[in-house]
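Given below, in the form of C-alpha cells, are the structures.
There are two complexes below, and they share chain A, which is joined by chain B in the first and by chain C in the second.
And now, the complex of A and B:
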C-alpha cells in the first residue's frame, strides 16, 4: 500500500518503481542500488580527481614512488659508488651538484626516497592498528579503563622523539638481526639493520596520537542507539567494539592513516638528521642534510637544500592527499 | 513554468498598487551542487507576502520550504545557486545585490530566527553583548544600544531583562533563548521576519508561549512573517495564508483555514488525512498514507511534480505541467483534476485491538536516582504501573519528565534503584540487562526515535535483522534467514530492501527496519520511544498503521512515548501523564482526554496548536520543568500550577484520587471541583479566543 522508493543519493536516472511490474521491479531496484553505489563511488572519485590539491599531491607522491622503485635504473649516476669531483656546483653534468665525497646529489636524493617510503607507511600502519585497538577499548569502556589507559598514553605523548630514537638505537643497535626471517625481509626491502628500529620508534610514538583520535570517534558512536540495541539483544562488548562500532569509524581512521604517513616522513628525516635513525651509507634525506649542513656557512648549499626540498615536497604531497580525502568524505 | 499568480487576493488588493509586498518570490529556481552536479531543488516557486501578513509554508521534509526561506535572505548553503527567478523584499531585488548591499539589506530589512536557539547564540559570550551588538550594527552608540537591548527584551516579555543580559546562553532555558533570539531579530524592525521551525525543539508548553509571543508582536509591528514549520497545527494557528509545497513547487495556496478545512490539491488532502485529527482513534479508522516518496532533488519532472503519488493521476499529469487554477479568494491549486478531488478515498477501518488481557508487566515502586557531581538526582520516583497483554500505554509529559528514563528502567538499560520491582508474566525481572535471561531479553525490545542512529549504517538490512533474529531466538543460519524473510514480509519491506544499507533507505523504511528488528524475537513488550517524531506526517501515518496492525496480530504490548498528543490519542489504550519522574494522571485514553484532567494534563492539552482550528483553552505554564535535583515541596507541580492552593499544594503531597474506574489523578483538588473549574475555563476561552494573548511576563527561571 505504501511503496516507498529507495532514496537514491546522487542519481538522476531514478527508475520509477510504481509503474513497473513486481518481477522487473525487484531487478531494477537491486541493479539500481548497485549502480547507485558504484555511481556514488565514481562521483566521489571524480570529485577527488577534480581537486587540484589531490592531483598535485598524487603527482608528487607518484614521482617519489617511481624513484623509490626504479632508482637503480633511472638515476643519472650511481648514488653510492660513483665518485667524481667533490662539492661540484649544480649545473652541467651534475644538475644538483655533488656532495663532499663526489657523489651526485640528484641521484642520491632520488634514491633517498626509498627508505622513507618504506619506513613511513609501515610505521604509520602499525601505529594506526595499535592505536585503533587502544582507542576502541578506551572509548568504549570509558571510566576506570579509559582513565588508566589515557594516563599511560599521555605519558607516551610526553616522550621526546630524539630520546626514544637514541635509546632504541643504542639498545637494539644496528647489528644484523639474529632472526632469519627478519634478515630475509630486510634484504628483500634492501633495508639496513637500523630501519626496523626506526619503524618501531615511529610506530610507538604515533600510537597514542592515533589512539586519542579513535577514542573520540568511538565515544561519539557508542552513545548511538544502535549500540544500545546491540546490548539489548545481549551482544558481548568485544562484538560491539569490533563488529558494530569499528566499521563505522573507518573514515576517520583512513584520514588518520594518511596524516600519520606525512608526519612519519618528517619524523624519519628528523631522526636520521640527528643520527639516531637510518644509518649510513643510506642516501636518506635526513642523513644527507646531516652530513652537509655544516658546509652551508661556506656557501655550499646544494647538498642541504635539495634533500630538504625533497622532504618538504613529500610531506606536503601526502598532506594534500589527506586533506582532499577528508574534504570529500565530509561532504 | 510560469506562475499565473492570482493578484486579486482580497486582503492585499486595496494596497497592492502603492505598497510593494514585503516579500515577493517570483518563479524562483534554486539548484544545489551535489558531488559536482547541479540538482534542481526549487522549480519555479512564486508567492507574495503582504506587509504585516503571516505566511506559512508547509510540506514534508525535502520539499524545499527551508530552501525557499533561506533564499528569501539569499542565505543559501555554499553549494546552493539561484538559477532563475527573483526575490523582492520590500520592492528591492535581492538576487542582484552586491555583497555590500546584501549585508546592508540583512542588517536593516530582514531577519531570521532558526530552529535551535541554543546554536543561534555564541555560548562563550554573555547574552548582553550579543543583543547589544544587534543594535550597534544599526549604528547606535554603546549607551543607546544598551538601552535598546533592555527595551528589546522587555518587548519579548522577559521579566528581568537586566539579569538575563548578564547571563550566558547555557544558563537560560530554551524558551528564554528563543525569546532573546526573536528580540535580536526584531532589533532592526525588519520588513520581513523569517521563522524557520522556531518552536520545533521546544516542548509543547514552551512552544505555546513562544507562539503567543509572536502573535502578540505581530499586532505591534507591521513586519511580514514567513513561517516554516512541519507542524501543521502551528501553521494553522499562526498564519493568515498558507502555501503547500511539494518537490520545489507551491502546489496549493490560500487562506489558512480554507486550506486546512477544504484542501483543493491531492497532496494537501493526503497530508491532512494522514494526521490523526479531531480526536481520531485507531479503532475508528486507519490513517491515510501517501504512497511512494518525494522525487529526488534534481529529478526531471516533465509533468505534475506529484504525479507518482497521486491517486487521480492520468496520462496528462505525466506529460503536461498542470496549470495554476485560480479558485477565487486568493486560492489557487496546481492540479489538472481539481474537480475530481472529492473522489479521493478515505482509508478503511483500522485494525481493532481488544486490550482486555492479562497483565504482562507489573512495575511497583520503581525509582531511579542518578548521581551527578555528588548530588542525587531522582529522575523517577516510586512509579507503579501495569501493562496488559496487547495494550498500548501512552507516556506523555514535557522533556525531563522521566518518560524515557522509565522506558530505560523497564528495559534494564538504566537499572532502577534497589527496592523497585519489575515483574514480567509473574516472574521477577533482573534490573540490569546483563543479568537478564535470554528469554527476558527477547521479551522486551525498543524502537528508537531516530532510525538513523538506531541502525548500524555499516551493515545491510539483512545483516541487521539476521543478527537480531539469531541472537534473540537462537535459530540456526538457515532458519534465521527464513525468519528474516517472514519479518520483512510482515513489515512490508520487500526482499530487495534487505541488501541495501540503511543510508540507502528513506526515513520511513529505516524506521520499519527498526521495528522489524524489535519484533525479531516475538517480543511481549515493545517500547516505542517517539518512533514517529523524526518522520514526516505521511510516513508517520504508515508507521502508526503498521504498529496497530502488528499489535492486533501478535498481541504485543506497547509502551508508547510521544510528545504529540494527537498521535498518543490515536494509538494508546491508556495514557500516563508524567511530571518530574512521577505519574500525575493515568487512565483510559478517552477518560484522560474527556476530563476532569489533572491541571498539568489540562495545560499540556491546551498548549497543543490544533490543525482543526478548534479554540483551545489558554492555560499557560510559567517557566520550564524544574530540576529534578531539588524538586518542589508538596505537589511537585505546584510552582507552575494555575490552580495552586496556597498552604496545601506546597506543603502536602497530593493523594492519588480515583475519578472513575482506572482513571487516577494525583491532585489535592477533588475531581468534581476540577471538572467545574475546567468547564469554566473552556467557556471563557470560547468567548475570548484571540485577544487573550499571553500578557503574562515570563520570569527568568534557570534550568
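And now, the complex of A and C:
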C-alpha cells in the first residue's frame, strides 16, 4: 500500500493510512464513519422538520396516538356503554351521533385508534425484520436460494394481500390463546384474542414484499468496492451482510418501514371490515363500518362516515410521513 | 419474441402451481372439519363423518393435495361443498360481473390518470404538480372500502345522485347498469388513480430528461409531436406494467368495494367460500384471480415490447 489517503466527504480531516498500523487504521476509519453517519442523521432530521407534509402527517398521527393512549380519560362517553338512544343523529349531546345499539360514535372512533395503532406498527416492524433478513440472503447469495425464494415471493404477490389475509384468518380463526404468557401479554396491552393472529398474518404477508425491496437494495451494493475489499480482507459472509451492507441500506429500509405501517393500517382495516380481523366489541374502525354500512341505504350515514374519515386521516398522515422521509433520503 | 413468450408462460405455470399450493396449505394447515363447518355444531357425529367421507375430506392430506393438483391441470374443480352445484357454474356469474366492474373502473381511471401524470411531470414542482402528487398519494393509500363508504355517503345518501346498492335487477338496460355501477367503479378508480398517475409522472420526467427528447426539441419538432412520439411512447412502458398488475387486483382485491355496494363479484364469492370452508369454490376462484393476474402482466410485457424496440431487443436475448 503506498500513499493511500482516505478522505471523508464533509470534513477536512484526512486519515493517512500508511502511517498507522492496520488495527488502529481500521478503528479510526470506523470511528470517522460513525461520526459521519451521526451528522448525516442530524442533517436529515433537520431537513425533515422543514417539510410541511411531514409536520401535518406527524400532527395527525400524534392526535391519534394521544387518543389511543388516553382514550378512557378523554372520550366524552364510555365507548362500550350502550345506554343512549340507538341511531341518534349527530348533534346536541352526541356530536357524531350514536350507533345501532346506542353507543357514542365519537367516543368509539377515538377509542378505535388503539387497536390499529398497536397492530399496524408491530406487524410492520416484524415484517421489516424478517423481510430484511430474507432480502439480505437473497440479494447476497443469489443463485439457487434466490431463485427459489423469488418464485415463492412472486406467487405471493400474484394474489392481493387482503385475499391471502382473508384465507389465513378464516383458517386460524381467533380463539383465546391457550398459552398463559400470551394471555397475560394480551391483558397488559388490553387487547382481544383476535389481535395477535391479525398481527402475525399481516407480518407474514408483508415479509416477501419487504424482502423484494431489500433484495434489490442489496444487489445494488454487493458489487461495490467496499464489499469486495471486505471479502478480500477475509471477513465472513455474515459480517459482510450485517456490518458492511446493512448500514448502507438503512435508508430504503426505514422508508419501507413507514410505507409498511401505512399498508398495515390499510390491511387491518379492510380485514376487520370483512369480518375476519379484529372482533367485537372492539371499537375498531373497520368493524364499526362493517356493522353499519348496510344502514346507509336508509339514510343513516354517521356511523359509517366518521370511522371512514378516521381511517382516511390516519393512512394519509402515515403516508405523508413516509413520503417526506423518502424525499429527504433521496436528496 | 416467441421463445420469450413461451418462457414467460412456463414461469407463469410454475407460479400458478405455487399459488394453488399456498392456498391448499393455508386452508389445511390446521386440522379442520369440513363436514362440521357445513352441517353446523348440532349435527350428529355420524352425519358429519358420512359427509366427510362423501366429500373426501377425511382422506390423507397428500391424497387431497393430489386431487387439487389434478383439478389445477384439468380445470375440473367438481362441485361446491355448500351448494352441490358445479364450481364453474357458480363462478361464471361473479366472474362476468367482476370483469364488467374492473373494465368500467379501468376505462374511467387510465385516461385521466395518464393525462394527470404527464401534466404533473411537465409542471414539475409547481403547485399543480404537488397537488396531483399529494392527491395521488392520498387516494391510493386509503382502503377501497373507506373510499367507497365516503363516496356512498356523499353521492348516494346526501345528494342521492346514484344508487347506494350496485346490485341491479336482471334485465336492467346497459345505460342504467352504468349508473348502478358508477359508485363502485369510482371508488376503485380513486384508489388506482394514485398508482397510475404517480408512475406516469415519474416515467414522463425520466423521458423528458432523456437525450432523445432534447434532440427532438433541438431539431425543431413541435411540442405536441415531441410529447406524443418521443415522451409518451417511452413513458408508457412502466405505466402499462402498473396497470396490468392492477387488473389482477381489480378482479379479486376489491372485496371491500363489492361488500360496501353489495355487488356479487369474484371477491364476494371468495369471501363467502372462505368463511364456509368451501374448498373447491375457493381454490377455483383464487386460481382464476391468479390466471387473470398472470395473463394481464404477460399481455402488458408484450405491449411494452411492441411499443419500445429496446425492450424487444432485451426480450429476444
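Here is the rule we go by: the second predicted complex is superposed on the first by the 270 of 331 C-alpha atoms of A that agree within 3 Å, B and C clash if a C-alpha of one lies under 4 Å from a C-alpha of the other, contacts with A are read in each partner's own complex, and residues count from 1 in each chain.
Everything that follows uses one rule, which is that contacts are C-beta pairs under 8 Å (C-beta built on N, C-alpha and C of every residue); 3 or more make two chains touch, one makes a residue touch a chain.
Computed from a predicted model, the values in this text were never measured in an experiment.
K.L.:
In the overlay, answer first, second, both or neither for which of chain B and chain C A:92 touches.
P.N.:
neither
K.L.:
Could you tell me if A:52 is touching chain B, chain C, both of them or neither one (first, second, both, neither)?
P.N.:
neither
K.L.:
Using the superposition on chain A described above, determine whether A:319 touches chain B (first), chain C (second), both, or neither.
P.N.:
In the superposition, A:319 touches chain C alone.
K.L.:
If you stack the two complexes on chain A, which partner ends up touching A:152: first (chain B), second (chain C), both, or neither?
P.N.:
second
K.L.:
Who does A:143 touch here: chain B (first), chain C (second), both, or neither?
P.N.:
In the superposition, A:143 touches no partner, neither chain B nor chain C.
K.L.:
Figure out whether A:270 sits in contact with chain B (first) or chain C (second), or with both, or with neither.
P.N.:
A:270: touches chain C, not chain B.
K.L.:
Could you tell me if A:226 is touching chain B, chain C, both of them or neither one (first, second, both, neither)?
P.N.:
first
K.L.:
Which positions of chain A sit in both the chain B and the chain C interface?
P.N.:
none
K.L.:
Could you list, by residue number, the parts of chain C that touch chain A in their complex?
P.N.:
Residues 14-16, 18-19, 22-23, 26-27, 29-30, 32, 134, 137-138, 141-147, 149-150, 152-153, 156-158, 164-165, 248-249, 252-253, 255-256, 259-260, 262, 267, 270-271, 274-275, 277, 282, 286, 289-290, 293-294.
K.L.:
Which residues, counting only chain A, touch chain C once they are in their complex?
P.N.:
Residue list for chain A touching chain C: 53, 151-152, 154-156, 158-164, 166-168, 170-172, 262-263, 266, 269-270, 273-276, 286, 289, 293-294, 296-297, 299, 301, 304-305, 308-309, 311-312, 315-316, 318-320, 323.
K.L.:
Residue numbers of chain A touching chain B in their complex, please.
P.N.:
It comes out as residues 1-12, 14, 16, 18, 25-26, 29-30, 33, 36-37, 40, 43-44, 46-47, 50, 224-226, 228-235, 244, 247-248, 250, 331.
K.L.:
For chain B, which residues count as touching chain A in their complex?
P.N.:
Going through chain B, the ones touching chain A are 34-37, 39, 289-293, 295-296, 298-300, 308, 411, 413, 433, 438, 441, 444-446, 448, 450, 453-459, 467-468, 471-472, 492, 494-497, 499-500, 503-506, 508-509, 517, 520-521, 539, 542.
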